[in-house]
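When the chains are written out, they are named A, B, C, D and E in that same order, and each has its own residue count from 1.
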């Protein structure tokens, strides 16, 4: 018995015979064909509507879509894909892939190179019309495109207008905030005021700082970037070159970001409190929170400000009703972009500073092991998914933010209930989105970042200490890659 | 301290009554044998005394204390179990010393006692064996040793010698008797071996179907059984029984008549009675003339002979049609008679013989109730007293 | 088909030799009793025949087949285990029918046979009990029934009646004999009960320490034991032994001399011999005059009396210093003698008595080797032939 | 078949087990072991890089591979007392601590539960189910229950510094216990004990039920108190079962992963299996295979304690 | 010689001295230590019941509380939302996952018990050379984290392993999305535990019973299945329950050997995870699902416990 690959090429089962970059015949075939699309439960739950949306957008009838409701838990899905693709399975043909971990798959030659195998018109549409940050997370080091963004995701800060009104703020302020980001100084002060004005509210600003991917990719990435800092220098270094880029976590903007958060949590008395920040507005609990646990106190009315992804806007912005157990704040929910530490001009690196939003979202990628017929049909599906109609439909059906910034300004988008009210803020976020620095070593680095940052937040280490520890770890990872 | 009393004790299982209203009064220091057919309730009785089974009704006393609900460990009894039940995970030494170790005896004392017990049961040199490396008899001896290392108030022994050979059994018997004397404890002993019961016990308690039939010294049970059951049960081979009727002249049955005066024994003529005679009380008449009263002679034909070494069992046919049915254990067979004769007797199968019964050892039982009416219809010559006096006063 | 042969069979455990170079030739249809002291290797021998234990050396044959390594199921044997070994998870019916069900007998046949077996062992109506709801004897009977429902070539029974009362035992004995006759199977039977061995078996195999001592018909073993061991082991109470020497006049020991002509028996004077005499061969002399040769009279004092019901055991002191040692089971005691007398004998403790030995039943053994030299120093009167002729030709 | 020698027969009966284990376990392990002899490779089609012999193992033990792991493999040793620093950031130390405490408490509690279940009382079948049922809870859910209980502002077992809950006041845990290695480890042990004591209880109970009841009769008559009956009869007779139960619990505990992942995450409470799974997912196959084999080796060392015991029990 | 004085420590028989109820209880407790044991027993039982059941209660609290209200939870549900038990089925075909888990569990359990019975018999009752080494070898398999098996097994079961027999090379069949790639690894992984359990239990059955069965005409295997296995019922049932539960909840292989769909034999854990979103977690649905998911196991335990507690009773064995 021997494994397919044999030990001479490293014991691994290289799928050397699959070609990831031969052009695919893109003519429409009339053959009946069923495509498997590894999606998630939300797609599966709305299967009928989704398929209808595809049909409306022109998907030929001979192509049937079989939706796999993969686990929504992103780690699990990643492990699954890893097995499928490295195992050379031909199904499923289309894979919905987190923009946070598409690049490692690209690096392993496990995805179809869309730039090479798709007609030019399709790829150029993506390059030209889609959120740039999103597109950048679907590209290989050669600059080729391996994924088609399906939807992006940007966090924002949600707030309770009713509480802030008690602190003297008005709708005018609210509408300013929707597009014009506040500085962290202002933000913390405002929050504190609201807390003081609403004594029964325990939490000022809630966010996520558990030791997990979300901290390194997103929450801290935002804080850091908003102070003009970066993990690896400027934006140009986000996706490499590994080992040849500076490690900049020891620099002041990063330290300041940590100090700012420490102040938010532990108050202005903290040894490393950052001047100008009003402290004590975030519960220590953030250190153990991920998205949903952090949302619960806000949803149940026990917090003023809350950083989270758009999914929670839908929940928190709903009108209280029987159906949602009288939760939701309806019109009283305000949304604003994430505050900034320094302005873009003051920022140390190009493309940092100002209001930033970590980039989430998912791409469509194609399994290179699929049969030609399947690939051919898959191209049809991708094409259909580029249709604006489809993207708007999905915004309505599932709440997927359209991957084209232009669509966020459309009337149709604004008509979408609840989230349609907050497009302004989302657009700002989208424009300022910062992807995580995904490379093949990012999974290793991410763990270290969240560990050290959390430790620094928790006063277990001084910010400097934590970041210098982190820097040496990151350096090692970079050098060993 | 060691007297054991059962007061109206019964034990019912779902659909079986194992022990039925048992009253038993055992004195301190007595050696009592419980005998009875298989399944009659002997073990159950023992278990109730030990505290392993709680009686359904009645009370158990040990010494002056009521112990009916007391746990076994507080009763001060030691027991040899019928099923042996050695601890499989302990070697012989640990099995034997178990009870002593529980009481924190010091090591030397334990060692001394175990050695002694092992000697008594002749298991020296096997103390390090595990139970599964021993023969059946050896295991049983371990079980005995396990009980006798202790000094309890009451010993309960449930067929302790069943798996031992005759010689060892004799040895153990004397050892147990010595132990009994030495420690002066009460011993309650279940056995199926008549010799054991006869030689060892102060009294024998005969049980049938959970009911006490008789409790008396061995020879009393043997010579004066209280009822048909006891008569048939004690003695091996069993007593011969013949069903018949009391006539004015005495006892009359199909093949044998025994003349006596019913009035002497206080029986009314016409009563259905069963006559019993033990095999050793049937004598072969060599010289017919010697028999004083010719009517007492019984003519028979020998059937099967069973030579036992020290005696020969002779099955006699009393009538033509008789067939020796070795299987029939009910004991009542009006046309046959078992006789035991000395091993050197000159006798053959199918020989015509004349026998007589020892009239002093003829037993009469009321057939209906089974109760004994009389033991001997004529007092034996040597102990000759005033025959019939008792009976007369009854009349 | 059912003949069983052991050829030089031995079984060694780590440090014990359970069976030692055993040769045994059992014919088809024979009823053989294995007897011997506890731990002598009886069960081990049975297990080797059954195939449960593989001999360390030697071969086992059943019928004409060598079966030494054949699994039990292919040997056509049924066995009653000494430790009973009922299947605790099956009720009595299932226990008994186990072997039949394995062989896919049809239901009615099974039912018929189980009913019949249950009847034989007197367990009708208990077929639905679980083993733990039964008494010791009842369980043993189930074990017997489990074996006898089948029709094997060979029955192996390891103390099948140990837990049964005397009456039931007699019943079972006859049942087994009947079965034996009916089925004509070989039965190999271990028992500690001398009566069982004597009455049931065609031959008795006496084993000691794993070695076969004698295999002969019961009365031969009883009357002509091959050696001291057999003489002492067979018979209960055991034979009396006296150590002495052969003189020109016969046998001479501390207290008893027996005159005879050593030449008649082919013994040289000066040989150390042990004389054996069974208790029932010691006779009380009522009228001293009756004894022809006064030198044959033995004067003694009675010591302990053990009344057994059907006989009395009398321990005789031969010398002043003698002490009845009921514990001593070696058998050799030069100053005491056990005698059995009829139950009605008029005898008391500490009485001076005169006894004689039945010279035709005096056994002589070579003390050194234990081998028998002679059984009877004078042929019994009734079978009187030409005493001494053999001896003379030898001289 | 019956005429086979005992040895032949033994091997014949073992064939199904050996074939199954050979194909499903041994073959993969051989293959995985060969993976551990190759360097990691993060780009390109092949799973593994060049052949490096035992370099992966060397790197792991010298700490040169720590960068690839979510946390250190060995603790950092110093020459000063207490000789070991940052004990909680070492996978080996965390795993051993978890193993010792969880197995210890599971055995004790399992024992107690088994003793209860062994009794005869009304409604015992329900009690039995109640005690056994935590073992049936999927780890995801077990994790969720305990995670939520200790999630500030959600569960009731932690409070805030202003408004501490009982456990906080007692100083047992901080207000964000699941992000703190020591606290989280403690809670994970508690959660594991909750779930897995039932495993012990079940096995021990089965052991108790297999004891011939007549032995207790003998012991009672010999004067044994309940405690003595337990000590002298029950315990020695169930010891083999208890050892088997503890053996497998130890092995399982040494491989703990799921409950950590669901309650606190591998970053916070690194266990040996965390290293395996994290590197596997990263995917650093060479390192992952190496850690897997080293983990197995460490388990083998720990387990040898039991093996010695087994040998002395004659199993 | 220390003689046994029965009844040491037995109090006076005088029942009604002037004591309060507690005093009386203590007094009677001294006289009747059974009562103390009884009391201790109930206290311990209560303790175990509370500690084991409390998390379930809390699970029920979570299930009944609408998800949006799950915050600052106390000991009672916030709101009462029994519809969650319907909603959970609407969201995910949970019953199908339960069915899959059940089938996988039963299949594996049967396979494991069968193979482990043979091996347990061999290890528990036979002596042969190589026994110790084999047992250690089998045990050693359970030292490895499941991940160590994954890649080769994945290839084996997805048709990527080629077997060469002489000139012919056959690819293994693609069994992905069938029960096989789960059942076999489960069996192999849980086999060592069952083998060891059964080894100890089978080893304890007295030889006499096996002997009796063999003389009655069974083969050794027959004796195993007719006598030894039934008499080891507690051990066998326990091994079965442990295996079943392990499979029922197994995650690693169940997750990677199928695509997670109910019709691809994905088990219950995959079903539970389906409730979870990328960021949002409907705790109430998951809680409800786990309560429902645990029910089959509870039923199984109820059934199996009859076996588990059907130990050997009083000495039908004369040993």
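Assorted remarks:
The rule is simple: contacts are C-beta pairs under 8 Å (C-beta built on N, C-alpha and C of every residue); 3 or more make two chains touch, one makes a residue touch a chain.
Which chain is which protein? Per UniProt: B, C = ABC-type D-xylose/L-arabinose transporter; D = Sugar ABC transporter permease; E = Carbohydrate ABC transporter permease.
All figures in this text were calculated on a predicted structure; none of them were measured in a lab.
Each step here moves to a touching chain, and the least such steps from chain A to chain D number 1. Chains making contact with chain C as well as with chain D: B, E. Put simply, the chain nearest the middle, going by average C-alpha positions, is E. The interface carrying the most C-beta pairs in contact is the one between chains D-E. Taking each chain's centre as the mean of its C-alpha atoms, the one that lies farthest from the centre of chain C is A. The mean-CA centres of chain C and chain E are about 56 angstrom from one another, to the nearest whole unit. Separating the centre of chain B from that of chain D, both taken as means of CA atoms, is a distance of 63 Å. Averaged Cα coordinates give chain D a centre that lies 15 Å from the centre of chain E.
Rounded to whole angstrom, the centroid-to-centroid distance between chain B and chain C, based on C-alpha atoms, equals 23 Å.
Chain B has residues 71, 81, 83, 85, 88, 103, 150 in contact with two or more other chains. Residue positions 2, 27, 31, 35, 47, 153-154, 212, 214, 217, 223, 237, 285 of chain D each touch two or more of the other chains.
For chain A, the set of residues touching two or more other chains reads 1, 3, 13, 79, 296-297, 302. For chain B in complex with chain D, the residues that touch the partner chain are 47, 50-52, 71-73, 77-79, 81, 83, 85, 87-90, 98-99, 101-103, 146, 150, 156. Remark: chain D residues 27, 31, 34-35, 38, 41-51, 66-68, 70-71, 151-154, 160-161, 175-180, 265-268, 278, 281-285 touch chain A in the complex.
Touching chain D in their complex are the following residues of chain A: 1, 3, 5, 7, 9-16, 75, 78-79, 82, 86, 104, 107-110, 202-203, 210-212, 283-285, 287-289, 293, 296-297, 302, 440-441, 443-444, 447, 450-451, 454, 458, 473, 476-477, 480-481. Partner chain B is touched in their complex by these residues of chain D: 212, 214-215, 217-225, 228, 232-233, 236-237. By the touch criterion given at the top, residues 1-4, 13, 36, 38, 40-42, 45, 68-74, 76, 79-80, 83, 87-89, 91-92, 290-292, 295-297, 299-300, 302, 308-309, 311-312, 315, 324-325, 327-328 of chain A touch chain E in their complex.
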